[in-house]
Amino acid sequence: MSDFDPPVTTVRDVVARALAEDLGVLGDLTSVAVIPESAVGGGWFVARRPGVLAGTLAATEVFVQLDARVALQWHFADGDELDAGALIGRIDGPLRSVLAGERSALNLLGHCSGVATLTRAFARAAGARTRIRDTRKTLPGLRALEKAAVRAGGGANHRECLSDAVLIKDNHLAFAPLGTAVELARARWPGRVIEVECDSLEQVAEAKMAGPDLVLLDNMSPDLVRESIAVLGGVAPVEVSGRVELATVPDYVAAGADYIAVGALTHSAPVFDIGLDLELPRKA
Amino acid sequence: MSDFDPPVTTVRDVVARALAEDLGVLGDLTSVAVIPESAVGGGWFVARRPGVLAGTLAATEVFVQLDARVALQWHFADGDELDAGALIGRIDGPLRSVLAGERSALNLLGHCSGVATLTRAFARAAGARTRIRDTRKTLPGLRALEKAAVRAGGGANHRECLSDAVLIKDNHLAFAPLGTAVELARARWPGRVIEVECDSLEQVAEAKMAGPDLVLLDNMSPDLVRESIAVLGGVAPVEVSGRVELATVPDYVAAGADYIAVGALTHSAPVFDIGLDLELPRKA
Amino acid sequence: MSDFDPPVTTVRDVVARALAEDLGVLGDLTSVAVIPESAVGGGWFVARRPGVLAGTLAATEVFVQLDARVALQWHFADGDELDAGALIGRIDGPLRSVLAGERSALNLLGHCSGVATLTRAFARAAGARTRIRDTRKTLPGLRALEKAAVRAGGGANHRECLSDAVLIKDNHLAFAPLGTAVELARARWPGRVIEVECDSLEQVAEAKMAGPDLVLLDNMSPDLVRESIAVLGGVAPVEVSGRVELATVPDYVAAGADYIAVGALTHSAPVFDIGLDLELPRKA
Amino acid sequence: MSDFDPPVTTVRDVVARALAEDLGVLGDLTSVAVIPESAVGGGWFVARRPGVLAGTLAATEVFVQLDARVALQWHFADGDELDAGALIGRIDGPLRSVLAGERSALNLLGHCSGVATLTRAFARAAGARTRIRDTRKTLPGLRALEKAAVRAGGGANHRECLSDAVLIKDNHLAFAPLGTAVELARARWPGRVIEVECDSLEQVAEAKMAGPDLVLLDNMSPDLVRESIAVLGGVAPVEVSGRVELATVPDYVAAGADYIAVGALTHSAPVFDIGLDLELPRKA
Amino acid sequence: MSDFDPPVTTVRDVVARALAEDLGVLGDLTSVAVIPESAVGGGWFVARRPGVLAGTLAATEVFVQLDARVALQWHFADGDELDAGALIGRIDGPLRSVLAGERSALNLLGHCSGVATLTRAFARAAGARTRIRDTRKTLPGLRALEKAAVRAGGGANHRECLSDAVLIKDNHLAFAPLGTAVELARARWPGRVIEVECDSLEQVAEAKMAGPDLVLLDNMSPDLVRESIAVLGGVAPVEVSGRVELATVPDYVAAGADYIAVGALTHSAPVFDIGLDLELPRKA
Amino acid sequence: MSDFDPPVTTVRDVVARALAEDLGVLGDLTSVAVIPESAVGGGWFVARRPGVLAGTLAATEVFVQLDARVALQWHFADGDELDAGALIGRIDGPLRSVLAGERSALNLLGHCSGVATLTRAFARAAGARTRIRDTRKTLPGLRALEKAAVRAGGGANHRECLSDAVLIKDNHLAFAPLGTAVELARARWPGRVIEVECDSLEQVAEAKMAGPDLVLLDNMSPDLVRESIAVLGGVAPVEVSGRVELATVPDYVAAGADYIAVGALTHSAPVFDIGLDLELPRKA
C-alpha cells in the first residue's frame, strides 16, 4: 500500500466494472480482426501537459485482470508532478491485451490525475498553514479512488461517508438548537468528530458555546470568516466551504481558515490528458 | 423507459454502490442523533444556474432503495432546459431517509446534468446538420448514465464499447494496410459498422478506396477536414475528433463534418449545481 | 413458492444477468427510436408446438425488474401440457418495456420448457414405477432453473451439487476398494446418501457387500442391468445411467431399474418454441 | 486473447458461478472422504465423437479458480475440428482439485463445443459466399461464451444485444411506416447499423425506398427470397431468418442470401460429448 | 431508519446471502413435498428467555425478499427488553414462504439480539458515566448488523473500520516515538480522531505530551488505570480495553474510565433464543 | 483442498467482504501515517489458550487478496489441537499489508477456531459411538466456514441447507399424518434422506411405521430417548436435539443416540483467542 493508494479491494471492483463495460459481449472487435494474436508491443504512458499523477494502482490492475503477461513499470508515482511529455510508465506485452485495456487504464489515470492536479493547484494557493479538503460530492462508485487522488494532490480527506463523523447542518437545526444538537450527537456517538455548520455570526456564537470539534463556515465572505474566527476564540479549528475558487483561496487563508473544503476537486475536475504512445512498425 | 433513460438494471447497480459508499457501516450518524424517527419533511430540488436536466431516473432510484415511503415528483424531465432557480422536483417523506439519500441523489443529478448541459452547448454550436457525439472516454462504472446524459443534451452516442463497432486506428495499421484492415474487419465482423481513423490526406485517399462506413479525421484543422471531405467524395460520412472546443465547432461544421466527437462531454464536464431546499420549521 | 419453482433469490440473479446482457449500455435502441414512450400494448405468450411449460417465475421476474407497470397473467402453470397454439399467458403494459423484456423472457421460457418437455417424454416412456432423474450436467448458472424444469416435466432431481450426496465412481476406487470407500464416506459424512457407481458384475457384487444407499449401473445393457439387480437382491435401489435414449428407456424399465439418469434433459434439450404475439394497430 | 475467446472478465464470472453452484456449502464430499489430500493424478480431455472445439478458456479458468497447482495443456484450440477419440488437452495436478472442477469444465466445454459443432455444420452447408449468423436467442448468462463459440464454429455474430444495432420489426411498424421508422432510427442513433425485417414483397419494396443497412427476410421461402433480392436491387445485404434448417440452407444460399440467421445455434445445440479420462492406479 | 437500524442496503445484501445459503439449488424440499401451495398460516416470534431485541429490520427483509404476501408486525422494537415468553412479532402469510424464511430470520434475530443482550448487561454494569464500546472484532460480513445491535443494547460504537479513525498501537510505535506518531497522523489525516494505546505509565506520560483525542489503556489493572488517569490530568478521555469482564466492569468504572471496549460483545455473544410458534391445525 | 477446508470460492467471497468492511474508503489510516511503505516485518500467530485450530484457508486468503508479497506459513493445520502459546503460523512481508489484514485474519481464525474448539469438547464427551452434528443455526454468510470448522473439531455436518435433505417437523405434520408425509417426500424427492422429528412416543411409533432414514428426537429426556430407541427397534438411526449441553451429552450417549445435534456449535461458540505477535524494533 503506497501512500496514496485506495484500498486494493475497491480498486479490483472498480476495474472489473470498467472492463466489463468496455469489453461488452464480444470483446475488442478491431484488434481481433486486424492484429495477430502473437503480436507483442510496447510503449509509454505520456503526459500531454503538466500535472500531478494519480491512479497508477488502478491502471496496473486493468492489465492484471486482462492478461498477466503484460508488464507495466511506472517511472513516476502517485503524487509526483509531471512535465508535459513526461514518460510516466512503460508497458510491454501481447498487443491485443495492451489495446483492450488502453482506454480503461487511461480513463482511470486521466480522472484520478485530473483530481490530483486540481487539488495541487488549490493546495498551492492555500500554502502551508491551511489544508484543502474534499467533500462527499464524489462520483458514484469512485469515491475511494477520488479521495486517494485528493491526497496525492496534497489535499486532505473530509468525511468518507455519512457514517464516520457528525456534521450538523441547518436541516438538523430545525429539530434542536445547536447546543442541544451537539449534545445529542456526543451522547449517541461518543468519541467521534462533531462538526457544526454555521452561516451567520449568531450561529457561530452558539457554536462557540456548544464546543464542537470543528466549525464549518458556509458561504461566508473572507471578512465574515475572519470575524467568526475571532468570535470562536480558538474553541475549535475552522473549515470554510461554499464554492471557494482558486482565486479566493488566499483571502480565506488570510482570514485564518484551518481548512477549506472544495467540492470541485471531485465533482468538476477536468481530465488530465495522458496518452499511450506505442512503438509499432509502420506499414508502408 | 423514457427517451433518455439508461437501462434500469444498470441504474440499480450504480445507485446501490453509491448508497453503500455513502452509508458506510453505521449509516447517517447526524440524522439519527438529531432528527426524530417520526419527522417528515419536504422540499424541492432546485437548479442553481441554467442548464439541462439529466439523471432523474437514478435520483428516483436512490429513494426507492432507501425508503419506499419517500415520494418524488419530477416537474421537469431529462433533456429539459432549466432556468436558474427552476423547481426541478418535489420530494416528501420521512426526513431521515430524505437526508440519507440527498447527497447520492445530488451527486447523480449533478454529474448527469453537467454532462447534458455541456453537450447541449456543443450541440447548439454544431447546429442542425452536424451531430455531436461522445466517446469511450467515460468514467469507470458510469458509462451508461453518461451516454444517456449525452443524449439528453442533444448529442448522439458513438461506440458503447469495444464490442459494438470496429474502429481502425494507427496502432492497427502497423499490422495491415488500411484497405486490408477494412477487409479483415468486414470478414470477421460482417454486418457491423467499420470506421477508419485518418490523420493525413494520404490516409484519407486510402480510406476512400477501402470504403468504410465512417471516416474519422483525427487532429486535423478545419481546412484539412474540408480538403479530406473533398477527397472522400461522399464515400462515407465524416467524423472529426481531437480536442475540438466549443469555439472551433462552427469551423468544423463549415468544413462539412457530419459528426464531431468530443471526449470532454464525459471526461471533463463540470457538475451542474443542483441543491435540495427543504422546508423545515426553523428553531429560534 | 409453487411446486416447480426454483428459489426466488436465484431467479432474481439469473434474470438480472439476462437483462444486463441484453440491454447493454444504451438499452433498446429500436423501441426508443420508433415507439412513443406512452404507447401501451398487450398480447399473448403462445406455444408454437405441443410441450410442457416451465420457467414462468423467471419470465415474470423479467418484467418485475424492468417495469412494475407491466401486468402478466399466466393461464397455464409450470408442468402443464400445452397444445400447439395454446395461449400461455397474457401481458399488458408500456410497450417499450414489454419489448425490452420480450427476448429475455422468451429465452428463459423456451429453455426451461424445452427441458420440461424432453423430461416429460422420458418420464412417459418410463411409466409409473421408474423415475427419470437429471444429472449435474447442467448449463453453468442455470442449474436451479433447469432442475426445477425437470421436476415440472415429471422427473426427479439427482444430486444438486458435489456437496449434498456421495457418489463413488471409478476414479475414487483407484484409492480404496469399494467397501472401504463406502465405509470412509459413511464415517466422514454420516447421515448422507451414499451412491456407488458400478460398471461390471464384479463391482455389483462388491457393492452388495458394502451396502450403499443407491447403486448406479453405468453403461450397462438392459440384460446386464437385470442380472445386476438380481445379484443385488434388493440391498439398495438401482439407478441406470449412460446415454439412455427415449427408445431404450422401456428396456431398462423392464430390466427393473428404479431410476434412470439422463444427462440430455439439461445438456441437450432443444428450445421449446414460444412466441409473443402482440395486438398492435397495423399502419397502412 | 485468442481469436475465439470471450472477454476474460465475463469468463471469470461465469466460472465463479458454475463453481459456486457445484461446490455448494461443503465442497466435494466424495473426494474428501475417499481420496488422500496428497494424491496427484493426470489424464486427458477426450472427444467422444467428431466435432469442433470451443470453451477452452473457460475450462482453463475453472482450475485457475480452484487450484493454481493444476496444470492444463491444450493440444487443440477453439475452432479446431476434432476426430472421435482426439486427445484435446492434458491435465495434471492434485486429484481432489481435478475432480472438483471436472464437471464444471466438462459442462462448459461440452456446451461451447456443441454450439461450435452445430455452427460448423451450418457454415459448411452455406459455403463461402453466405455467412451463418447467430441471434439473441441465447441462454441467460452465457451469451458471450455462446457467441464466441459461434465464431469458433465459423459463424458470424449478429447483434450482441438490444443496444448495439437497430432492428425494426413488425411490432415497431405498428407505430410508423417503414420509411419513417428508418428515418427516426437514423436520427436517434446516427452511425449505427439499421436492419429492417420484412415478411412480404410489399415490405421489401418499402425497405428498398428506406435504404436500411441490412434487410432481414423473415419466414420466406427460397423463391420469395430470390424475388425479394431482385426487388431490392442491391440496396443492402440480405439476411434470411425463420427456422432455416441444415437441409434448406443451400436453397437460401442459391436464392442469394448474404446471411442466414439461425437461432438453433445457441438455443438448441446438443452437448458435444467430451470426457475426462484419468490415469489412475486400479485397486484390485 | 429507526435508531438502531443498520443501513438498509447492507441489510439487503446480508439477507440475500443468507437466503441463497439456505435455499440452495432446489429450495425447501420438505415444505414443497408436504404443505399445499395454498396453505396460509400465522404465528408469533417468541422470546424463550429474557433479553434485548435487535435485528428486526433484517428479519423483515427476509420475508420481503422471499414473498411480498407475508405480513410481519413487530410488537417490540430493537433495543426493547423482553421477558421470557414475550410475543415479539406476528407473522402471517403463505406457509411455504413463512417456513422457507424461518431459519434465516431466526438466525439473524438470535445473533443480533444476543449481541444486544450481552451489551445491555455490560452497559448496566457500567452505569451512566462510563460507556461500553464495541471493537473491530466482528464476524466477517456482519459488522454493520452487529454494531447496530451494540447500540440497541445501549453500547456505543468504536471505529467502524481502519478508515475512520487513527489508533496508534505498539506496532506503530516501533517506527516513531508516540509524540511523533501523533503528529504524523494529525498531518496526514487532519480533522480525524486520533487515539493512542498505552500499556504502561511511561507511555501514558508520553501520551499526555502528545495530546491525542483519546487514550486507550490496554490490559491495565483498575489501579493502574486510576493512576494513568491521574497522570493524564484530563488531557483526553480514557478508554480501557483488554478482556474486561462483567465482574470487573465496576472496578474500571470506579477507576474513572470514560469508555470500556469489549470485544466479546461481537465475537463471543451467545445466541438469544427466539422461536417461531406457528398456529396450525393439528392432524389427529 | 485439505480435509477441513470450505470451498475456496466461498472463502474468496467471505474474505473480500471482510476486507471491504474493514478497509472502508480510505484504507488503514494509522499505518499509512506512521509506518514507512518500505517497512517489512514478521511474526507469529499465537494461541492464547488451548483449543482447536480452524480457518487457516480463510486467513491465508486475506493476505492473498491484500498483497501477494506477504508470506504465510502454517505450522499447524485445521483440526490440530493447540496448547496455549502455540506458534500457529509465521507471517512475513510488507508491514502495512500485514497490519491491514491482521484483524480480518484474526476474526476469521478466532471464530472458526472457536467453533472447532467447542465442537471438539462435545465430540470428546460423546465418545466414539455417537457423532456430534451441527444444525442450520449458523451465522448468515458464514455457513460454509462454520460447517468446515465443525468438521475440524470432530463433528459431522447435518443438512447444509433446506435443499439437500427432507426434515419433517411438527409444522409439516399439521398437513399430513407422519406416514403420509414421509410418503409424499419420498415421491417428490426420491433418493434423498428423509428425517422425521418426533417429540413423543406416539410420534415415535408412527415414525417406526413410516420408515424414514433418520429419526430426530427433539427435547426428550435421556430416559425418553432410550425408550424411543427401544420402540424404533433399529428401523433408523436416531438423532437427539434440543439444547443438549456438554454435561448431558454422556446421558444421551448412554441412552443410545447415534447423533446429537447441537446448535450452540455455530450460534454460540465464543471466539478462540489468537493473537499476532510481531517482532519489531522497539523505539526508545
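Every chain is named by a letter (A, B, C, D, E and F) in the order it is written, and numbering of its residues begins at 1.
Going forward, contacts are C-beta pairs under 8 Å (C-beta built on N, C-alpha and C of every residue); 3 or more make two chains touch, one makes a residue touch a chain.
Please read these numbers as outputs of a predicted model, since none were measured by experiment.
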Next item on the list: With chain centres defined as mean CA positions, report which chain is farthest from chain C.
Entry: A
Checklist line | Repeated interface matching C-D, over half of the contact pairs identical, chosen among B-E, A-C or E-F | finding: E-F
Checklist line | Whole-Å separation of chain centres (CA-atom averages), chain B against chain D | finding: 32
Check: Can you give the whole-Å distance between the Cα centres of chain D and chain E?
Finding: 50
Note to self: With centres defined as the mean C-alpha position, give me the chain D-chain F separation in Å.
What the structure shows: 43
Note to self: Can you pull out the residues of chain E that are in contact with at least two other chains?
What the structure shows: 7, 21, 23-28, 31-32, 100, 143-144, 157, 160-161, 163-165, 188-189, 192
Check: Which residues of chain A touch chain D in the complex?
Finding: 16, 19-20, 23-28, 31-32, 37, 65-67, 94, 96-97, 100
Margin query: Can you tell me which positions in chain A touch chain C when the two form their complex?
Written below: 21, 24-25
Check: Can you name the residues of chain A that touch chain E in the complex?
Finding: 7, 131, 133, 156-158, 160, 163-165, 188-193, 195, 213-214, 237, 239, 258-259
Notebook entry, point to check: Tell me, which parts of chain A touch chain B in their complex?
Noted result: 14-15, 17-18, 21-36, 39, 41, 95, 99-100, 103-104, 106-108, 110-111, 114, 136-144, 160-169, 171-177, 181, 184-185, 187-189, 192, 263-264, 267-268, 270-271, 278, 280-284
Item checked: chain A residues touching chain F - in the complex, by the definition given at the top -> 1-3, 5-10, 143-144, 147-148, 157, 160-161, 164
